[in-house]
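Labels A, B, C, D and E are assigned to the chains in the order they are written; within every chain, residues are numbered from 1.
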Amino acid sequence: MVAGAWICLLAPLAGALGITLAGQRISRRTAGWISTLSTFVAFGGALVAFFGLWAADPSDREHVSTAYTWLAAGDFEVGLQIQLDTLSSTMMLVVSGVGGLIVWYSMGYMAGDDEERRYFAYMSLFVFSMLLLVEAGNFLLLLVGWGLVGLASYLLIGFWHHRPEAVAAAKKAFVMNAIGDATFALACVLLIWETGTLEFAGVFEDVGSLSSTTVNLVALGLLGGAIAKSAQIPLQTWLPDAMEGPTPVSALIHAATMVTAGVYLLVRAHPIFEATPDVQHLAAILGAATLLVAGAIALVQWDIKRVIAYSTMSQIGYMFLAAGIGAYGYAIFHLMTHAFFKALLFMSAGLVIHHLDGEQDIRRMGGLKEVMPRTHVAFLVGILALVGIPPFAGFWSKDGIIASALAAGGALGYTLYVAALIGALFTGAYAFRLYYTVFRGSQSEYAAEHAHEGHGEGPRSMLVPVWILTVLSTIGGLVVIPGVWHPLTEWIGETAEALVDPTVAEDYETSTLAVVLGLVGLFLARRAFQAGRQLVTNPAIWRVLEHKLYFDELYDALFFRPAVALSVALRRNVEEPVIERSLDEIGSGTIQVGGEVARVQSGLLRTYAVAIAFAVCVLVVVFVAVR
Amino acid sequence: MLTTALILLPIAGALVVAILPLPRETTAGLAFLVALMEVGLWIAAAARFDFDDGSLQLGTSREWVESLGISYSVGFYGFSLWLTGAAVIVSAAAIGYAVWIGRDRPRAYHALMLLLTGAIVATFASQDLLLFYISFEAMLIPLYVLVGVWGGARRQAATLTFVVYTMAGSLLMLASVVAFGVTQGTFSLVDSGTSDNVWIFLGFAIAFAIKAPLFPFHGWLPLAYREAPVEVAAVLSAVVSKTAIYGFLRIGLPKFPEPADDLSGVILVLAGAGLVYGSLLAFRAPDLRGVVAYSSMAQMGLITLGVFAFDDLGLDGAVLQSVAHGLVSASMFLLVGMVEHRCGTGELASLGGMARGRPALATVVMVAGMIALAVPGSATFAGEFLIMAGVYDQGWGYSIVVALGVVLAAMYTLRVISAILHVKPGPAVREGALDLRPAELALVLPMILALLVLSAWPALVSQSSFPGNDAAQAISDGFR
Amino acid sequence: MDGPDIGWYLIVAAMLFGIGALGVMLRRSPLIVLLSLEIMLNASNLTLIAFARQRGDLTGQVFALAVMAVAAAEVAIGLGLIVAMARRRMVLDVDQASALRG
Amino acid sequence: MNVTNPFYAALALIGNLASLAILYLLLAAEFLTAAQVLVYAGAVMVMFLFVVAYLGGRADAPWAGGPPLLRTAAVVAAAALLVEVVVVLGLAWGDDLQDPAQVADSFGSPAEIGALFLTDHLLAFEITSIVLLVAAVGGVVLGTTPEKEDD
Amino acid sequence: MIETPSVDWLALSPTVALLSASGLALLATVVVPGWMRKAVTAAVVLAGFVTAAVLAGVVFDESATPEVLLSDSMARDQLAAFAQVILAVTGAVVVLVSWTERRRDSYGEYYSLLAAAGAGMVFFVSAENLMTLFLGLEWFSLCLYILVALDTERAASLEAGLKYLVVGGFGSAVLLFGSALVYGATGEIGFAEIASAEPTDDPFLLAGLAMIVAGLAFKVSAAPFHMWTPDVYQGAPSSVTAFMSAATKTAALVVFLRVLVTAFPSEADIWTIAVAVIASISLVWGNLAALAQRDVKRLLAYSSISHAGFMLMAISADSARGGEALLYYLVPYSAMSVGAFAVVAARERELGRPVTLESLAGLGWERPYHGIAMWTFMLGMAGFPLTGGMFGKLFVFSAAYEAGDWWLVLIGVAATAVSLAYYLNVVRWLYMRSGPELRLAPAGGSPPRDLALGAALGAAVVVTVGSFFAVQPILDVAADAAASLPF
């Protein structure tokens, strides 16, 4: 089964290399197929690994396999090793499965783009990196995967490199992630010096023996990485811009997999976080804050993908919340369901965009229900799952989280609980605002002229994955039914045992509340839509939300401009005047002195005689005087 | 014997090229052939080299001046062999580029390039203080003319500043060499003991600091890197700067344990300052070469941090990073040259949009750039991580500085990548500007591939650089 | 012995030497400069002979004799030079001979 | 020393040399006295006068002139030289300058000097002759410069 | 009847060989018809120098133990022989260099005087008492006065001659007076005897020593006794300049070493310091002034002053190693300076006017051979590796450092750093000027082939580079030579 894990890891890499090396020699379509198949092969490998693990005895569900020593210095060694356990196997399934579907989908979506090959190479590279991330057997390798997904996301966001916004967004994403990587790396450095190893097992053993400051710092470092990657406050600003990339990319990277890596890290490194509850709670609080802020901002966005992006942020906020209070099972569970329905949403949004020749502004859509009924169904399912209407997938996972917050109790627990519930309300509101403005009502003239019947809703390669995901979003949540069974949470629990376990009662009361709030949101959105007005009417609030709470402006003023100013100042005031010119000055100075010296050589014979005479006198005086 | 061959082959080649009155193409081809043979020789050497016991190997020693204890003694340790490898590959690529670009006065040009190669190899191989000094200086002779004759508009200022500045440094080193050799009674690095004279150490340290260069001794760098012929700049930043690192590793630390320890604080601070300073300047440099030049200055600061971490992680990291940075900065410089060749300028403002329709260029630039900014998983990342980890022991602040450097590197590298490849074509980019020709690819790809191999297995270098894979021990024992 | 102490001879010699030096340093006519050189040499001669006498050792005298010859030779060459300069219509003034300078 | 006309200067020098000759005599160096008179008063001075005559009035350059600083410097230097030697004398006066060695009458006689020249100082003798020869050659080479107007 | 002393003809043989060459040349100028006069005299003198070199080699071989001849008037030891070899070889090379020198017909005299001067120096280095010292000095000085002024059609040449004569006369007068004082103090003129004579710190002795140091420093052209050097070097015929810069310095330095070490060991504590100071003044002064020069001969003159500084450094060490260092340094140095002046001479003849930096422009590309040679010499003088200059500096420094004069080493290092600026500047003009500057050079048109000069350059380059790789043998010989002094 370990072999399966390795196959799962390497297949996409092979795909990526193959496409790159083949270059022009293969058709774009072939490239697409190579990428898709390699991903599905990976999925196969994941299945093998998963069921192998499933069949294995519960005590024997953690396997570490090392290929070779990747990096070594003195007696410090880091192997290229993968760890196969319940957590990673689940993630492998999600990543490769959803990934495969999305890659497949993008064959249709990207058809006709003249750089398809590059696209698919990048996609495969991403899948590989993501799998490396989830399979990594030690922190350094995890960091490597961590960085590589960042790279892939940079490449894919900036895929349409002729568009300045795309390039800018890509750079922004990369730099912000680089910050995360840096803190992550620093955490690793600390671990090396404190524990002498970076292997999960080794580190987790020693966590107990570390000083609290050390643990705090390590945890903070990891958290920083997680926040950057998962676009949580305060490093969230890159994600919305990342929507500049092709839609499938948004679906895969910025919804289903990469952005949730933060959650995975929190769960994976839970012993460290548990050793320092404050930091862990900080994660939860940040998650809560993000889910509220993002939800609120989503209320006022006009770009269909940005709305979904903000919803992603807020959903990840839920996961952080869960991980923060120790409900690891639910965190991963929500991660999975969210992967399903958010990918679904993005892909059906992609269908719409594709259908409208790349239009993304929802103000120019509307009434698409008639023109694209199947898409409409898929999208609706996605929305319901998102809002958490039973029995759709989102319902089970999200309510599990909220319930856990309740169960956690204490001031913190209750605040988080309330926040989560309000978040549910927001979710309902913005989700249905989106739904109504896009699919209901009368067609906008733009939609009318572009949405001509006939050329269907898209090629099969796009529709089939959508269907599959629709199904998954519908029934995918049934693996955990409070009071009935929860195999998934237990399964995850084997690796990361949950700290809180909501009772059935808490579960049901939470569910009712959440569902009700979601429905309230629905009705608000509906009323506003029918009245033809906005959800947020207060212009001041509107402006604030529209500017995303001015985070971009803040960072621009706080970091970017100072950096530029500093660099320019250094060049103007240090480099050129001091460092460079000083040399010239020294040189010319010496030469001037030389000129003076040479001038003494007057050419007058008698001066020479005088000079000699004087020198002789001096010599004689000295000689006679010394003795 | 093999080592001597490694040193003599390029020099002999230089003489042949200089003397034989061959037609242009033949001359250039011959030079390139010699460079390739040099690479082949190195491979042979590496094959003979037993990396597990990292003691001095492939050594030769012959008395030169008995009365002063000067000897021609050469040989390799793991790290010097790796540095040499980078050197020969880079200079082969550089010579190849010169051939492709068709430098005029090929006989003189290639003779000098080969001479430079020989001097560099000799520097890395020398196990005698004076031999080290000699080859350290000998590098300047060809560089002076290469920059001064084939350089850009302000080449004369550049070359004079460069040589006089570096020479001033190495003359201080000469004073130190004399003092050390005379007090020790021998100049052999193998036999001589340690010294605790701070002044002597300072002589060496300043010379190396200028060569690297470390902040604030980099006054020669901007002009030299801008005005030099691009392939010479490549050799300069990729390899010549590394001789300073070799100096620190082979002489500075082992021979002067106490002084090095006493002054490590200062040097670390300077190195850190250089890292940040260089990165910041690179971040706003107006032209391609400026960015690469300052970034390589930042990298040297980083490597020096690793060296003066005094522990396995830092030292191994420094070596790994030296090799990786050598390869990557050479590829960057050559790519810069290829871009400038197409657009006639390196001004970032007038470039852009070259990715469209030029897949090869786009891919190579992207890969090189990503390795340059040390994306996790790359060899440079491995090196930087080791250094970051190693220098932590000297003070957590340094690790933070390294981390900061990583972020800044991301900023300026992305800036330059986008400036070349992305958005709409700049004024200087003609539609007709071609994609990389096969010849150019053939020059850059080997280095990129080497980097990818290193990325897949950085331990290859980091594990085999020092005797007994125990850098700190080896250094403190003075490689006995 | 008859005559003053050796010391006085030496003082005379010193004065001659000084005068000669002064001449070289002050006069501008090459001829007179040559003369001054002669005087310096003679001063040395006087010293030599004085010491020879005082030591009762003839080496000094021999030395002095050799010096005379040398002095004569120097004069010969010097005069030849001056003649050559005069032939080339060069002004016979050492201050004018300052084309080579810097 | 402040005669402007080289002719008189030369004559003055003759006087000077003659008086030196007397001093030599007092120092019991008869042969040298003779030589002094012959070589200088004879050969050298004659050469001088020839040249002076040949050059005619053109020759005399004014006294001193040039930068005043230089002049003062010259005087100072010369004075310093003089003073130093005198001081040295003063330092050394006490010990052995009083009592000169007793010497035979033949001291400084041509015979002895000749003997020395042919034995101990043979080389010196030879060299002297060579030097004179060289001087002769030089005088000829330089003297026989053809007149040149151009350049 | 006087019994004539037995003369060791072998010791004198180099001198005699050169003298006879000179005499023959002189004869030839009279008897040989004009059209072949130049050839004959040149051949004779060349032969003379070569024989002298060979004989000096033999002497070196024969006289392992130093001995003093002719009632301590000259020494026969390896130090003298070593110097004589250098001198003779230099002379031979200069003969080659001067082959195509244009001059009014006095070729015969030129060569005969060259030989005479060579003979003077060859004798000078073996002088063992103050009289022979003075006479030898005057001997070659007089020859040089004439040689410098020989180009009587050039005003510069005459001016140089006059200056050299007057200042030189002044210098030798000082030397003579000093000798007189020393003689007075000790009653001896032989070096060894002076050393063994009673009065150690007799004021006469000290004053005399001071004046002797001054007189010799003058010949070495060390600052502040150097001021004649630039003018004379610039004005003199280039071949003569080459000869002076290499040979005069060699002779004067060797004698300097010999006198100080042999005759004044008990005053070492003073003269070491004095020499060290003179050395550092020369280093600073020479290098700084050289920075400002445009005329190449003048530039080289100043550089020769700074080199004098380096070599005096070695003398001031007052140790066997110092002697070795000096003697080793002399080998590459004389080769480099003769070579450099030879290149200048060639350019001069080609352009027919004094050589300034501007008129070197592009020489490196027009005349690759000369260019590379000049490059080698410049780098060598700057002390770059691959030339003996580097080892020369190294040995001098280590000698000084051993003697405890670390400050002197630092001054030397600084001076070298400064000197780079102008040495490299020459290379820069050779290779890196282009376009307008090149118009100063005659466009195309290769100069008259000059095999003799080519050969001379070749020899110089070979010595310059060879002395780098063959350090040990040269150093051994130098060590033997230095061993003949009582350190």
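In this text, a residue touches a chain if its C-beta (ideal position, glycine included) is under 8 Å from a C-beta of that chain, and two chains touch if they have at least 3 such contacts.
This is a predicted model, so every value here is computed, not measured.
The minimum number of touch steps separating chain A from chain D is 1. Contact with chain A and chain B alike is made by E. Note on connectivity: the fewest chain-to-chain touch steps from chain B to chain D number 2.
Between B-E and A-C, more contacting C-beta pairs join the chains of B-E. Comparing the centres of all chains, each the average of its CA atoms, the largest separation from chain A belongs to D. Averaging Cα coordinates per chain and for the whole protein, the chain whose average falls nearest the overall one is B. Rounded to whole angstrom, the centroid-to-centroid distance between chain A and chain E, based on C-alpha atoms, equals 78 Å. Distance between chain C and chain E, defined via averaged C-alpha coordinates, is recorded as 26 Å.
The distance from the centre of chain C to the centre of chain D, each centre being the mean of the chain's C-alpha atoms, comes to 4 Å.
The set of chain D residues that touch two or more partner chains comprises 66, 74, 77-78, 81, 84-85, 88, 91, 120-121, 124, 127-128, 131, 134-135, 138, 141-142, 145-146, 148. Shared contact sites, meaning residues of chain E that touch two or more other chains, fall at 131, 135, 138, 142, 145-146, 149, 152-153, 155, 161-163, 166, 170, 181, 203, 207, 230-231, 292-293, 421.
In chain B, the residues that touch at least two other chains are 160, 164. Inter-chain contacts, as defined above, occur between A-B, A-C, A-D, A-E, B-E, C-D, C-E, D-E. For chain E in complex with chain B, the residues that touch the partner chain are 321, 324, 365, 379, 384-386, 390-391, 393-395, 397-398, 401-402, 406, 409-410, 413-414, 416-417, 420-421, 424-425, 427-428, 431-432, 471-472, 475, 479.
Of all residues in chain C, those touching chain E in their complex are 10, 17, 20-21, 24, 30, 33-34, 37, 40-41, 43-44, 47-48, 50-51, 54-55, 57, 59-60, 62-63, 66-67, 70, 73-74, 77-78, 81-82, 84-85, 87-88, 90, 94, 97-102. For chain A in complex with chain E, the touching residues are 587, 590-591, 593-595, 597-598, 601, 603, 605, 607-609, 611-616, 619-620, 622-624, 626-627.
Note for the complex: chain A touches chain C at residues 598-599, 601-606, 609-610, 613.
Here chain B touches chain E in the complex through residues 63-68, 70, 105, 130, 133-135, 137-138, 140-141, 144-145, 148-149, 155-156, 159-160, 163-164, 167-168, 171-172, 174-175, 177-179, 181-182, going by the rule given at the top.
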